[in-house]
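I've put the structures underneath this note.
First chain A sits with chain B, and in the next complex the same chain sits with chain C.
Then we have the complex of A and B:
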């Protein structure tokens, strides 16, 4: 009975989990760095530069550009520095994959430490 | 005048640390098993003089003695007294002096209160600690002297960065520094333990209260910093994955790993080398953090004072520190056989360390990678919240689950326990009820909710059990409870936050789906050391017809000339209404940002509960000794 309940809940959650719709403009602006500020996002910044980028993003959305196309447009113009989410390029492979690789290494170490149960202890 | 006093006090402090090293080395050769009185005396003397030097600088700030360049650069005679005082540690030089004060204080406290009947271990710890004190004093005196003189003496100072003129930020650095620098004592103790081959259990017992103490202050320091960022930066967020925030989080993660593995060392005598490595790494990370913040190689919202020559010094020190630690470690460490039974308590603590180190590595890689890429290839990239959220968030789910289940297991034994028990089903019901209201669709967020509720309810259940029998570890229950609540409220806050951006003129109204906002009036006048522009807004909640008046501000400071945007926050028990305004250049329009942020107070409260577990741990130790 409990198992059925458990499985059906997870199933319910899974089915429900279609990609959540968010305000596209907000989402894009939050992923952009305000280049003239100190580490602020475009969405948080009050600078003139941010105002300009905001209207550029509005304009692009108005012209039916997709999210990725807008990022591409801005990074072509200002470099990847403007994107808070570093794109998956060759030079960023280490950034994206090293953490998982190290996590797996850690897991292997723990596996070996806890496997040798029967060997005499110190 | 004051400057001469300050430099004299610092020189005496330096002399005492030199003497302490010399005397301790000499004492190591004698057979007598008691530490002589003179070492205690010099340690007290050192504490007195370092505090005197700090008070001298403080006095300089209070009386606005602009003959000292540090006071000139960071203070102003019209500044309120509180900020004159906090200006003492507002600059790089002053905060370094505070850093040294805490190093000395910990050295003193360790000598006097950590009496462990092992003279060699105690003396080596004092030696290492005084090496640290001496090096930082040299750095302070020759590179970052807070008592440098200025001639001719200016009439007025330049003033403190306005966003630092805030009560939360006045106490943030001292709290964080006790955390950062507190870790120096178990760094020194770890090296001392290696050399003096101290008994494992004793080492664990000695460092445990210091780990809890520094962890507690580090947690509070991070909390106060987040609260400050929330209301002062005016963005409505409280954690930005900013490099400077990351450098306070990295030692915290290591401390968390450390006080879990110290338990294993104390109970099972296992993990000795690992605990030593963690102790060394924690302080190293603190220095790395300082290096990142002070050298100015980071682009961050929090970089206030930087200078490359400081960076070079700290980097050199860091390299020396790391290499000598590695040398000592390999010269003195003994091989040990660690074996752990699958599904024992120590196994789960290892898993905790696995996750903590993983989180640390993600934060470290995310912070350092752009710097390396820039130096090696000249490519500039930004690593921001989307990266951390993507990589870290999925790992929170198993972490929460393990935090719930791990403590149920026993030491050494490998007996399996029931994991999906009644508590889990109660939690699922609560989750479904919440889901019915919030209608969240993201899988990761939903799973995080389920497991944070599970952890919270399980902790409550443990708490109830603790009243019936005393054997349950209360500090663990409280901290885990706080962490469960924290993740729960952050998730709920993430789901229910509303943010609206629009432009308005004075007299305009904005009609949103749930709110009606009226821009009623604008006023401008001069206060103390700044000019203020205050907007008067009325926000009508269309659902319950409650009206709120909010008054966001734009402040224009003249000393130094800066503009800051002050959010107006209406904070009631369950939800914050957060309003900021900024001028749009060349127009009479103002850009208005309205945010509804539910459960903010609960987020702060959860972190506070989390930290309480640490305090309990310290008191428990003291009672046992």
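Then we have the complex of A and C:
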């Protein structure tokens, strides 16, 4: 009984770690832009460049690199443009905060417009 | 009220135009500015003909180094080769050729036909080592100074203007 328990635990851990690695690979490749394609992720692309990046990512995962370390390695070589989700930096404040700013401005405009129509109705 | 509406419409149109203009003006593709000024990584490369590897640190010795990524199947590489031959005559410069995803026989034939400008010839059969140099495709060329800093990166075949630019940097 103890043997069966140990064997099943071993297989459970093994399968889980394999799936975790596949998930991590998938997650990383979906956040990488194929630089020689038209708006495709590395995951979707079959270009020669994407194939090479895929095998480099596999190697890095195999060598125990963390997700952020892989992003850092690639953005050091190709710039933040390779990342679909670039890190928050001084140069991209506009990219990160413009949607929130527009959302707030939109809310204010809608508020004033609805207030005006309410006054008119009265 | 009508005036306000017009102002809002104009503001929205200007905003859309601005976003489209900025997106179309985007020159991020093949942008190498992130590499320039950085220290060159220490990378192990396979020798083209003999067994074994060498590390890039071993070649940065008081000379400018030009890494050229090429293959016999690449037509622009054939076009730029005469410019590499021109540069190979410069004593301040060492040219390292990295044969990229190529068959050794075809690469040898290519060099026999067009000449060999490389002081060291390496190979990258699966293209993985080239990622350490930020390579997109070939031909690409990277100029490294005596302190192993990346001075310039050329994406695409070297032309005469590039040759003169490299010469002027190297001979300073």
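Assorted remarks:
Basically, the second predicted complex is superposed on the first by the 89 of 122 C-alpha atoms of A that agree within 3 Å, B and C clash if a C-alpha of one lies under 4 Å from a C-alpha of the other, contacts with A are read in each partner's own complex, and residues count from 1 in each chain.
In this text, a residue touches a chain if its C-beta (ideal position, glycine included) is under 8 Å from a C-beta of that chain, and two chains touch if they have at least 3 such contacts.
Predicted, not measured: the structure shown is a model, and the values here were computed from it.
Touch criterion met: A:52 reaches chain C, while chain B stays clear of it. By the touch criterion stated above, A:114 is placed in contact with chain B alone, chain C being left untouched. Contacts of A:41 after superposition: chain B is touched, whereas chain C is not reached.
In the superposed pair of complexes, A:79 makes contact with chain B and with chain C alike.
Put simply, more of the residues of chain A are touched by B, taking chain B and chain C as the two choices. Residues 48, 79-81 of chain A are contacted both by chain B in one complex and by chain C in the other. The part of chain A that touches chain C in the complex is made up of residues 35-36, 48-49, 52-53, 55-56, 59, 74-81. By the touch criterion stated above, chain C contacts chain A in their complex at residues 28-31, 33-35, 38, 101, 126-128, 130-134, 136-137.
Only residues 233-237, 240, 242-243, 269-270, 299-303, 336-342, 347, 350-351, 354, 357-358, 361-362, 365-366, 369, 373, 377, 379-387, 390-391, 414, 420, 425, 428, 432, 435, 440-443, 446-447, 450, 499, 501, 565, 582-585, 591 of chain B touch chain A when the two sit together in their complex. Those residues of chain A whose C-beta lies close enough to touch chain B in the complex are 2, 5-6, 9, 13-14, 16-20, 26, 30-31, 33, 37-41, 43-44, 46, 48, 51, 79-86, 91-92, 94-96, 98-99, 102-103, 106-107, 110, 113-117, 119, 121-122.
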